[in-house]
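You will see two complexes here that share chain A, one where it goes with chain B and one where it goes with chain C.
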Partner chain A sequence: MQIKVEDLSYVYSPKTPFEKVALDGVSFTVNEGDTIGIIGSTGSGKSTLCQHFNALIRISHGKIYVGDKDLTARKLDLLALRKEIGMLFQFPEYQLFDDTVAKDVEFGPKNFGYGKEEAARLAEEALVMVGMNYAEVKNKSPFELSGGEKRRAAIAGVIASKPSVLVLDEPTAGLDPIGKREILELVNDLKKSFLKTVIMISHNMDEIAANCNRVIVLHNGKLLYDTTPEQLFSDPEAIAATDLGYPHSVHIKRLLAERGIELDTPALDADSLLAALKRRYSL
Partner chain B sequence: MNDIYSPERGAGAHEIIKVENVSYDYVSGEQVSRGVRGVSLTVRKGEFVVLLGHNGSGKSTLAKLLNGFIVPAEGKVTVEGIDTRDDKRIYELRAKVGMVFQNADNQMVASVIENDIAFGPENLGVPRDEIEKRISWALDAVNMSEHRRRSPNKLSGGQKQRIAIAAILAMYPDVLILDESTAMLDPKGRGEIMETISRLNKEKGLTVILITHYMDEAIAADRIFVMNEGRIIKEGKPREVFSDTEKIAEAKLELPVASRISAELRRAGLDIPFALTDEELAEGLCRLK
Partner chain C sequence: MRDMTLGQYYPADSFTHKLDPRVKLLLVIAFIVMVFLVKNLIAYSAIILCVVIGTLVSRIPLIKVLKSIKGIIFLVLFTAVLNLIFHKGETVLWSWWRITISVEGIFFSLKMALRLILLVAGTTLLTYTTTPTGLTDGMESLMYPLKLIKVPTHDIAVIMSIALRFIPILSEEVDKIMMAQKARGASFDTGGIVKRAKALLPVLIPLFVSAFRRADELALALDARCYNATPNRTRYQVMKLSYRDVIAVLGTAVFLVSVIALNMNFWGAYVPPENLWWLFS
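After this line comes the complex of A and B, so read on.
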């Protein structure tokens, strides 16, 4: 299932002194199977764009098609759309609310019309999938969990109804290194299961380079680049224009090139940089 | 503007914080969860200290012990000679040790920036004309003077955190503690905060204790304490700490990318120095040729 964005614009508080153009004529296509990174500095329109995908923000100008569904249609089936496109907000652990972890995760499936038993079964599946011990956590209060566990419980709530598209807004912000790695591994695991497409906002270029097959760069609400991480991070002009910086591994490759040491890799993650260095020095 | 901080720094500077064999557990009903166990450390005036550790390692507990948010169950914490258990001096202590947290939005109290900055000194009973001076000084210290009469909710995340820091500075603290204060910011915002605190530390001699998950931020420290399971398992300069790759792994931390790669290449037999930064790694490899 494709997601097509056509000439999308959005203005906050139009015709007031606080008017702010958040999106300005953005067009691109997300193909099934993509892990697509949406990047850009704060205020570039990333979150506004992503909130359009499951109609949390209704389209005021332009078009979005999710498969053959037109999101500007008057009789849009919101429930079906939101079941298809799961959305994980920034710091989702702040949205845990129920008295037990199990009930919190069941909330989504119940909203999508699953019966009590089916919702409970889906919640169990989801909690296991995010690597939690169901028997141990199901009756716990979400507030007794650690930071990383809370975030995983929140993700379980979103994936319980098995969306085919997952939109993640800064999924690793504020986690420790292990927590970050676990979340990214989880997303990659889900992609081997029911999840088809991932749309991920991140400020962490190391994560974008290592996990995404495509990147969309937003700047002041405009789409500046629609390309691959390899292309983007080998274009100094693009990086300078966006305040984003290079992933560490690419930065090291570039510093080496300046010193006359060329490597046979785009160096999109530390492992491929290390492997290339080992080849070069015959280790 | 006069500088209120003395430039006293380095090995000769006096010990501003003393933590002696401190333990603290969180007790709720029958459940006891570990905070910190048997922690001892000293911080000298003007030092830039980083606390590293995974979630739940005890970093934030230690930070809260330093300004008397919580008091030790065992052992003793003193700041400039004030025992944190001394109820009579708690306000004096809180004014000496300022804390900035993760979410700037939760730390704003007023709808105009200068009133937000005035809140702390007002509570300390500072006279009005003196408060005026402090507002100007604090906003200047974080490079936000031109925003003085604006509303904080129109600012970027990095700017809001700089206001939160200014609000603490206006109380003229001796120690500034930042508990993951850059976690919600983009790289630009993080850069702004790191530049601000590093300048306050170097130029004004402010003692800084930074809690972070970003190894890049830790590299700038005078000293790093690595915590695991409530204990300090490693202490030293960034190079000493990160080159102890076993301790870093034990603490479930990750090395900076350049450090990891230089360590792996050394292990594979390449004769290059251990690198902390991308530049050091590139230089090391360049010298090989």
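After this line comes the complex of A and C, so read on.
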């Protein structure tokens, strides 16, 4: 399923002193199978853009097509759309509410029309998928869990209804390094099963470089680049214009290049950097 | 939620915005007294003029003032209807059982409705033109006599300003949580009243959790900056009276006097013509 964004603009609190242009004529296409990273400094419009995909924000100017659905249509089946496009907000653990973890995860599937037993089965699957011990946590209150567990439970709540597109708003913010890696591994695992397309907002260039096949750079609500991580991180001008910074591996590669050591790799992650070094020195 | 108008500051560069908050508070109290003093329609016109002038010099768009009235429209209609059917008047037009509609009743309910609308329109000018900090600083300063009898006026003011500051934060939080639950298929605008109330649980519980978390964090932040370590805190912004405040007080005084004069029919000096009696009753 393709998501097509055409000339999308959005203004917060129009015609008041608080007016703020969040998106300004953004157009791009997300193809099925893509893992797209959306990057840009704070206030560049990333979250606003993502909240358009499942019609949490209704379009005020421009067009979005999800498959053959026109999101500007008056009679839009919101439930079907939101089942198709799952969305994980920043700090999702703050949205847990039910008295047991299992019930909280079942909330989504139940809303999307699954029966009681089916919802319970989907919840179990989701909790297992995010690496939690189902038997142990199912009757626990979500507020008894640790920080990392809460985040997993919240993710389970989103993926339980098996969306084919998953939008993640800074999924690793506030986690320790191991937690970060586990979340990204989970996303990659999900992409091997029911998940087809991933759209990920992140401030962490390492994550973008290592996981995404495409990047979209927003700056003050405008789309500056729609390219591959390889292209973007080999273009110093682009990086300087958006004050984003390089992934660590690319940074090291550039430092080596300054000292005359050229490597035959875009060095988007530590492994490829290491491999290139080994090749160069025939280790 | 973003369109919440009650108690929201509207930034602009105007005469009223620059007034001392203490003066504004006192003027609003004078205004409220004025609104409760009016008896006849001709005196009402003086108050309407007062609100219009106040809005114009505050440079608040008219639509904003109308929006604040929209919030109480149900209350206005409700009291108007009650007054209309239960007010005992002499010139009865229609009556059934205990319900009577009289000419006096029509005027009475009209005046009560006007009174409510003017009350809100006038007082929201205060919150539109004064920052929450200004408001609480002004209140603290006006509460000075209470401080002398050991009432913790400063703490009261801080509590008020924190409460005011949390309104937009919590409303933003509500927006976020609602979006997150909507993304999981929740619906807040379908079904009967019971279903809708139930649908709010997934919003209210996380909201309370986060409110308590924020309160804890704020308490820590206040402690970390040694809040209340010294008895006499100085201020970043010192309130000062200026020529503007004098003008505002004099202007309001003119209106107050004219309302009283019109109420009392210029102390009986003016006898209204027969066909204008309704203006003066």
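The rule we apply is simple: the second predicted complex is superposed on the first by the 283 of 283 C-alpha atoms of A that agree within 3 Å, B and C clash if a C-alpha of one lies under 4 Å from a C-alpha of the other, contacts with A are read in each partner's own complex, and residues count from 1 in each chain.
Keep this in mind: contacts are C-beta pairs under 8 Å (C-beta built on N, C-alpha and C of every residue); 3 or more make two chains touch, one makes a residue touch a chain.
On a predicted model such as this, the values are computed, not experimentally measured, just so you know.
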| item | value |
| --- | --- |
| Chain A as common anchor, with chain B and chain C clashing or fitting | clash |
| Superposition-derived comparison: chain B or chain C, residues of chain A touched | B |
| Chain B versus chain C as contact partner of A:Gly245, first or second or both or neither | first |
| Which of chain B and chain C A:Lys278 touches, first, second, both or neither | first |
| Which superposed partner A:Asp176 touches (first chain B, second chain C, both, neither) | first |
| Partner chain in contact with A:Ser41 - chain B first, chain C second, else both or neither | first |
| Touched partner set for A:Leu190, first chain B, second chain C, both or neither | neither |
| Chain B versus chain C as contact partner of A:Gly108, first or second or both or neither | second |
| Which of chain B and chain C A:Ser146 touches, first, second, both or neither | first |
| From 115-123, 223-231, 241-249 or 259-267, the chain C stretch with C-alpha clashes against chain B | 223-231 |
| Chain B partner contacts - residues on chain A that touch it in the complex | 41-43, 90-91, 146-148, 173-179, 181, 203, 205-206, 243-245, 248-249, 251-252, 255-256, 258-261, 270, 273-274, 277-278, 281, 283 |
| Residues of chain C defined as touching chain A within the complex | 2, 10-12, 176-177, 179-187, 201-203, 205-206, 209-210 |
| In the complex with chain A, residue positions of chain B that touch it | 53-56, 102, 156-158, 180, 183-189, 213, 215, 252-254, 256-258, 260-261, 264-265, 268-270, 278-279, 281-283, 285-286, 288-289 |
| In the complex with chain C, residue positions of chain A that touch it | 13, 17, 51, 54, 56, 78-79, 82-83, 86-87, 89, 92, 94-98, 107-108, 110-112, 143, 157-158, 161 |
